[in-house]
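These notes are about the structure you will find just below.
The chains carry the letters A, B and C, assigned in the order they are written, with residues numbered from 1 in each.
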Amino acid sequence: MARQGYDGVVLAAPFTEPYTRFSNETAHWWIARALRGSLRAAGLTPRDIDGFAVASFTLFPDTPVALTQHLGLSPRWLDSVPMGGASGIVALRRAARAVQAGDAEIVACVAGDTNPIDGFRKLLSAFSRFSLDASYPYGYGGPNASFALLMDRYMTEYGASRADFGHIAIAQRDNALRNPHALMKKPLSLDDYLTARPIAEPIALYDCVMPCAGAEAFLVMSEDRARALNLPFARISGTIERHNAFADDPIQLRGGWAVDVDELWQMAGMGPPDMDLVQTYDDYPVISALQFEDLGFCPKGEGAAFLAARDLTITGDLPHNTSGGQLSAGQAGAAGGFIGLTEAIRQVTRTAGPTQVADAARALVSGFGMINFDRGLCSAACVLEAPS
Amino acid sequence: MTPLATLTEALASGRVRVIDLTHTLDPDFPVIVLPAEFGQCARFRMDEVSAYDHRGPAWKWHNLSMSEHTGTHFDAPIHWVTGRDVAKGSTDAIDPAAFVGPVCVIDCAQGAAENEDFILEPAHIAAWEAEHGPIPPGAWVLMRTDWSHRHGAAYLNLKDDGAHSPGPSPAAIRALLARGITGFGTECVGTDAGQAAHFDPPYPAHALLHGAGKYGLQCLRNLDQLPPRGAVLICPPLKIKGGTGSPLRVLALVEETP
Amino acid sequence: MTQPLAPPPKKNPARRTPVPTLPPAIRSRAALGLALAAAQGRFQLQTCTDCGAVQYPPRDACHRCLSTALVWQDQPRGAQLLAETTIHASPDPYFRERLPWRAGTVQLDAGPVALAHIHGDVARGARTRTALMLDRAGQGVLVALPEQETPHMQDDPALRAMGTHPSHRRILITDARAPEAPALTRALLDAGAAHVFLGLAERWRPFPAQPTLEAMKNVTLHPLDVTDADSVIDLAGSIGGKVDILINNARHIRPGGVITGTIHDASDALQKGALGLMRLAHAFGPALSARGADGVNSAAAWVTVLPAQSLAHDPGFAASTAAGAATRALSLSLRAELRAGGIRVLHVHAGPIDDDWHQPLPPPKLAPNALARAIVQGLEQGLEEVHAGDVARDIAERFAQNPALLAREMEGGA
């Protein structure tokens, strides 16, 4: 049986609370800022939302339940989305079905995390049971070394070079230079990339994201409601989600997208060449390459070469991570799972401002999350489309 | 002047001097070593209870543990099987008059220097009496060997065939008993010679002295500072209920020759 | 090729001794099984008793059939190195101080894929021999070693960081009179120990081995009686800051039951065993803990030598084994206390040794040489539990299977 589409449900009011490297504020503070920003953009008040989905790593000891009281919300639909880099798309999927079914009329999806001094180390040191037991004790400063192993294997297996990955990082930095809120402000050259200090070979400094504090939010509602509010909106053409795919692969060289990619394009009624821009989950350039392969842009193992032959900047032939992505704008915890989605909504609603891709109408957003042990377990993707 | 007034005056003026015949109680001081399958003499141990610290802010003190026969010590009659039925044979029951009395010192230092198994014989006692007069009844008799100058392994002088150290022969002990002595003392770890297990009876100082209700002193020192006769020995053991002996401070009062 | 470690230079007395940091120590309950295996030098992983699937990381339910019947079983040690990285930056203070650090992904012959520390002599993509070893935090970690021994392989920075190898270290043996002391001294020197201090109690008693020991290079005898607090404090005051490994082999073994044995022997056994350990810990523990990261010859280990029957009891040696059990319990607590300084506590359970006190017992008995070898091997391999001799191994196996049954069986003696 074919899955039901998402007709009549739209995304609107994307909001990014500008990131900071470190923050003494709490996740509650950051989430409140982003929620308020999104509601203001929509001309709504907290009382107008009846659905609330939250993704955050740093709310402890609170949960989204506590946030309802803390923030004075009374939703009839509440979700906690603990899926890291996939949380934006997963939140979107859940919220869209709730709106479709009438369980909620307006769902605010928010991700936010703070980053106090030493907060990143503390987060990593207790990230998951398998990481506690079997990866963190091996010197793994978080995912750096896990992805170094992946990249090492990828380069050996497919003959990719560091310069190929440098191409991805450099283009994103170009994009970030147009984004006033990006944490990275200086241009990046291939030489800078190749000679950067090693972090976990073959990963070097510019393969890594900068952990920071920040928050992202958007609203999910019916198309009718968006029109009534006079809001620019994006339609959901298709989405997929998969967890713990290919568990027997000794090292992760493909993600769950590869399981469901055909269904994604079938549901969307489009294909990779139809995309005006792509927002991948870019915790490392090699992961972006993986997503282009698994989402059908090129065969397995050719991702790096495929991207190297393209201009990935805002004005290029394949605009990619137009806000600078996590590599150049910063990784604000779970908000890293929203950054591509809020930017894609802005792009197809033509509200992206300085990072706007000309005539952007269709965008692919991909999410990837949760290095539970040696690989990311959650993968998700969605195709967004401007109303015709 | 009363005798005690005379004594205190002499002590104050220095005409009577106090000599300490005692070794320091030290965890590392040797104790007698018996065949390994027998119970052993406990070494002296001090455990600090507090030292002006969180365990007691203004005071320092120790808990002690040791044998009745550790360090310079007193042997009561019930220490030995031959003395087990002696009336008032434990340290708490002994008439305290026995703890103060005249002391005769028989100098065997040269003999012990020449022969580590030197044995005190009746002839040595007779020679001493010929020079210094008879040993008076009630006297303490101490055998000076200068053995207290030895340290460490040389003190016990243990070899594969046992200890080698000076001591009295059975006949010598019998001779002293015949003179009505109160007790007998040595500088070695025991009143008996190191090889006294091979005597008849074995361990005569223990077997004969204690069987006769007499007392022993061992691990004495500074005997070279005592005159052959004329000094007063003070050696009260701790009043231990049923005690077979006790570490103690042994003192001697000695007249200074003007 | 591993660079052989150079003897450390004399310490700069003006520099602060680095405060020991530990690798991440928090583990799930299931993962503690890795430490249990590593403590004994075994390579074990969980196996599903229903479907046979080998699990890693440790789990509470089988990833293949959801059975919760998972047991730890010895596994083949072979593995293939699939990918590797050299870590140059880590937010973890322990690794930050030891960068660069080599780590990788290994495909275990046992089935699962695991992350592991990689020995420097393992070539890219090579076959490896995988070991479970205790790290400085006392947790079991996987280490991919070269398939074949390589020269100076124990000097690899990762192995040195987690191990307790005697080489370049200064070692105190607390009881020179114990039967194994001369052989142990020689074995430690052969293993590269820089110096062996031997504690000698009651120097006023004969000690036939003294001339031999005193004639050995880099060996010194020192007054030490673990039943005397002052003597322990005096020696710690003199050499406490340079004891890198403390081997407490002082123990008092005497035959006798509870009725037939003496309070005196029981007291001596407790004084020399359990309370001796406490006195040594009071005097030497603080400096050991503080020197856990003090360079090449950092403080590394505390060894407690115990009668094998300490795991249960022995009616023929009631007080000695009871004192052994008390010593073991104290030593287990000491293990927890020294953990913070990265100091490993190695228990060496010695079967009945071939000495005067076990003379009427039938064989097998443990030769003093064999006990010495077992202690040194335990240190070389960084173990926490060593069972020396056939009797000790047999008791350990029975203890692991069923402690109550072992206690019943011990009614007839070991």
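By definition in this document, contacts are C-beta pairs under 8 Å (C-beta built on N, C-alpha and C of every residue); 3 or more make two chains touch, one makes a residue touch a chain.
None of these values were measured; they are calculated from a predicted model.
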{"item": "For chain B, the least number of touch steps when starting out from chain A", "value": "2"}
{"item": "Chain pair with the higher count of C-beta pairs in contact (A-C, B-C)", "value": "A-C"}
{"item": "Gap in Å, rounded to a whole number, between the CA centres of chain B and chain A", "value": "93"}
{"item": "Intercentroid distance (Cα basis), chain C paired with chain A, Å", "value": "48"}
{"item": "Residue list for chain B, restricted to those that touch at least two other chains", "value": "none"}
{"item": "Residues of chain C touching at least two other chains", "value": "none"}
{"item": "Residues on chain A engaged by chain C in the complex (per definition of touch)", "value": "120-121, 124-126, 129-130, 132-142, 144-146, 148-150, 152-153, 156, 197-203, 247, 250-251, 373-374"}
{"item": "Residue numbers on chain C that touch chain A, as the complex places them", "value": "23-24, 26-28, 30-31, 34, 56-58, 63, 82-92, 95, 98, 101, 103-105, 107, 113-117, 125, 135, 137, 139, 141"}
{"item": "In the complex, chain B residues that touch chain C", "value": "27-28, 30, 33, 36, 39-40, 43, 45-48, 151-153, 155-156, 158-159"}
{"item": "Chain C - residues contacting chain B, complex", "value": "202-206, 223, 225, 227-231, 262, 264-265, 268, 356"}
